[in-house]
């Protein structure tokens, strides 16, 4: 399924987890649980050793995944081994994309990603000014390239992103890094307004924790919610001694249902319901 | 007995100990033992907290005496309590002389010293240039003022000392501080030569350890030997558990006899025997 | 002050601004401030910076003839004495420059990362001097092993925020500081510690550090009537290096040597993700780290490796993009010296010249020892810092190695008592 | 350089040469060398001294406007930054001067005493710089508690001779060094650590340290167009004090304050032979100590007392004879500050100005805090040294006192690990 298609039913629940956190097999089970729980798109982190855009929760997940042996090669295997309905977006840092393969530059990575069926890329440390080569590779292999719009992104930079973006736009709900928060930011409305006339779906992320959050954000006009830290927290907590993996997977599926439910409810009462 | 008289029989054995090392009573017994052993003059240290002219042996004796409660007042009591034949010379540093009594200056100290029968003073850190007030006080109360002539003392300084000295002159056998050594310095001869025509007796000190040393020094033309560190060493060693004091006293008396015997032998074979 | 990089902060292929979108406004604001205040001296910024570096920092630092080394090598060896700067290292040039700039920008709060604590202490001093609240991020592992520096920062009134993620060292502290900045850009300036990170940091930090070569170039003329044959500086991130080189770059006759930490070996353990050295210029590959494209110690995938050096200040997996570019173009020679050599040089300089260098600096002196024949007749070595901070490390590392040059420390054994 | 004392080294009643006869030739030889080289600049001694102090030592040190203190006190407060000197204190002025003089005299060996190790490290640095073998006498108690300084001396190639007599602290070390000198005068020079001891030491050390006030006097004119209303300096033996005052002595309008260590109390326990302070000028009596007549902490008999100060460098029972004389004649005010006040000032200066002072120096700043209203509108404080050496002491002493000004050190507790 393409990303555009995933957003087609007018709202999308986009969960994030780190691939291989804490092990390859656990992580497979967790992602599949999210898929069962109603994920429309899955953002799957390829862990990088210097995740400067992440909060402590996701950073710890990344450390676990790296300690568990995750590499670029294993990541592609992992995606190949996944059996999920939702399309998979790879979220990682530019150095891993740039170094992959024999020839330097993003092309080998994108080629491999396309081969295992990855639908798109999010690269938080790649500014639009430097995105030319990656955009070209994505075009060549049919991948979407998602950009993050911050509450502070304006003017020229916003236009550059608009030029390069495809799939969906990741609207950062507030300043700061990833991490679950208790309130829904007022900055969200303003950010959404700035990209209102973009042709791609708008997914809001950063700090979404509960079904209620999701509902309010969708109601505010977003096409989707991106949820990461609260899910990584569930992985970090782990399960019971007897059935650790099943236990975590069950809680993830449950949380996914809550968030997806919130999103659906938001769509029903939100402004979007009135729009065509 | 005056110091001149003590040197009258043509040679003098001058032992040194710190008053009050390690206690008042012990120390009394030790000094009296030296007297019995043949002392002609006794140099009795009044311990000062900063004995810059002493080697480690005597410095440790000074620390013991101070720890044992020796003070200027107790020192005068100590001298009063001594029953010895030999005249007593007080060896101390200038600050104790200067501070004694209510009025600043050396007079009160000298007055007290005279009252308890002290025959003379040696003040290693008082240069002849600064000795005027002390010389005057000594004259007033009939005390001798002994100066130390170093191997390096020459010219003007030598003359100034000659002017102020009385009782005897303390000829420092070698450069350095007090402390028992194994050889007799060649510097001794030269030093003795420089003061040969002084009218006071010449006593050589610094590093004399054995009867043999004493013999050689007297034979070389000295009128006396001053012996300190080797005696303080005996005090430091202490005695047997049963009779500590008697034991140390006996060894001191024995050492004194050895040194005195050496001196006498030296006088017999030395050049002095031929002189009038 | 002059700059050579392009407007967007590229040094050839290196440099750039690889940062999360949320940081871009801060970076843009800083770029503008850099251009106005530092490059154009608006509001007399540069004048005030120079004045404070003189009066508070102790500039100019002397260029000292090293009598004993000169005799040993039959070469005129001069020491550029950054160890005499307030705080004990060149770090203050940058820290004071940035904190002052933050003031000119109207910021109300300073944050910084620190590894061994040298940059943290310099920033804390500058912040106290300019009355700016300051928070320093420092890995908890580093806090535990650099207590005196932590105490100095606290004494100067800075908060020290322990970073408990990951391995608790410099890399994590940088990430954590960037995270803070992403949330607080409006009132906060991030004082980065070397010529690394996104533009304008590499250019700006270099400009602040360039006081070193500005003075040294004048001083060499005064002392010897000519420019030196070679300038040597140790290179971690490369700030003292760029500072010592910058004004000599156009002087083709002056050879420039960036001496990296060869650590225990130049080899790399890809499996373990560990490079037992910090020689990014000699053994690293092009990559993107902490906001800039540069030479990086990384594995085949692009994961950043754990670097190593006996000197904490050189222990970094990247290097400034401008320095990487100057090496690629052949203007600067990238060389390296291993841990053992650095320790020997530490002892040698202490004994021969009465200057106890930082362990970082010692790398440059060991290169001089090994290659003095090839360096010409007039050599300047940048003494980037003093070694007081390294005493404990040197005692331990020397004891492990049994170096013949090291002084005996028996007297401690005689007297008893524990380690330093 | 100029001198005010009489030819025989008397300052009024103070001074003189109260030394064992065996030392007199050394003292006379030194006096002659002092007159020829230092006073007459024979063979260009003074020129070389000044040059080496610039290039090796880092002179001139800045006179820095202390912005925060000036605002706090509504007074222009300037810091004379001797803490920036090589080694971290004014001690190098003297150590380098004397080691250089020893070289001019043809001596082949240097000896020195040290208490806390500041003078020892300065002498070791100077000796390494001038390629002179050096031995430092240090009490074994002090060796155990000042390990970093001992290590620095050893690193610079000096022997450190443990003194095991008595209580194993500074007094014993001085006696032991004098003993060595008495045996080795022919080839050895004794580098005394302050303006104390027999003539010519007090005059000579003052002349070397007088660079401080020579510069400061010129700098005050440059900065404010006039001389200051007051100059403050801490006083142990009094070398930084005399150095900071000397060139201002003829300027009647400039008030001079020697700030002594009041310790825990100005009272005295005669019985125990202990003065819980080091305020020889304020509470001492005329006496003879270590070769000079001066003010001394002593009991009624004249036994020297054990002094005390939280700052090791002020912990001495005597004081320079010239300073004692200037106090007697009313030219210098002798004041004092207690341990608690010094600690508070240590924290205050660190936080407000980004300068961590030596604990010795902190005494002068506490006096400023307490009496700034009486000091006029333009005050110079001599920052005799930096406080890096004092971190351990300050942590301990601060913890014992619960000072509200001190920073919390909780983060160590959170993270675990022992003392500094």
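In order of appearance the chains are A, B, C and D, and numbering begins at 1 in each one.
Note that a residue touches a chain if its C-beta (ideal position, glycine included) is under 8 Å from a C-beta of that chain, and two chains touch if they have at least 3 such contacts.
Quantities reported herein were computed from a predicted structural model and do not represent experimental measurements.
Participant: What chains, if any, are shared contacts of chain A and chain D?
Facilitator: C
Participant: From the mean C-alpha coordinate of chain B to that of chain C, what's the distance rounded to whole Å?
Facilitator: Measuring from centre to centre gives 65 Å for this pair.
Participant: Take the average of all CA coordinates in chain A, do the same for chain B, and state the distance between these two points in whole angstrom.
Facilitator: Whole-Å distance between the two chain centres: 96.
Participant: Rounded to the nearest whole Å, what is the centre-to-centre distance of chain A and chain C, using the mean of the C-alpha atoms as each centre?
Facilitator: For chain A versus chain C, the centre distance works out to 37 Å.
Participant: Just give me the whole-number Å value for how far the CA centre of chain C lies from that of chain D.
Facilitator: Measuring from centre to centre gives 33 Å for this pair.
Participant: Line, ring, star, complete or other: which one describes how these chains touch?
Facilitator: Graph shape, chains as nodes and touching pairs as edges: a line.
Participant: Can you name every pair of chains that touch?
Facilitator: A-C, B-D, C-D
Participant: Chain C touches which residues of chain D in the complex?
Facilitator: 54-56, 58, 61-65, 67-68, 81, 83-86, 88, 124-131, 140, 143-144, 147-148, 150-152, 154-157, 160, 162, 347, 350-356, 387-388, 391, 394-395, 407-409, 411-412, 414-417, 420
Participant: Going by the contact rule set out above, which residues of chain C touch chain A in the complex?
Facilitator: 8, 16-22, 24-25, 165-166, 171, 174-175, 178-179, 182-185, 273, 285-291, 296, 298, 300-304
Participant: Of all residues in chain A, which touch chain C in the complex?
Facilitator: Those in contact with chain C are residues 48-56, 59-60, 63, 66, 71-73, 93-100, 104, 124-127, 129-130, 147-153, 157, 172, 175-177.
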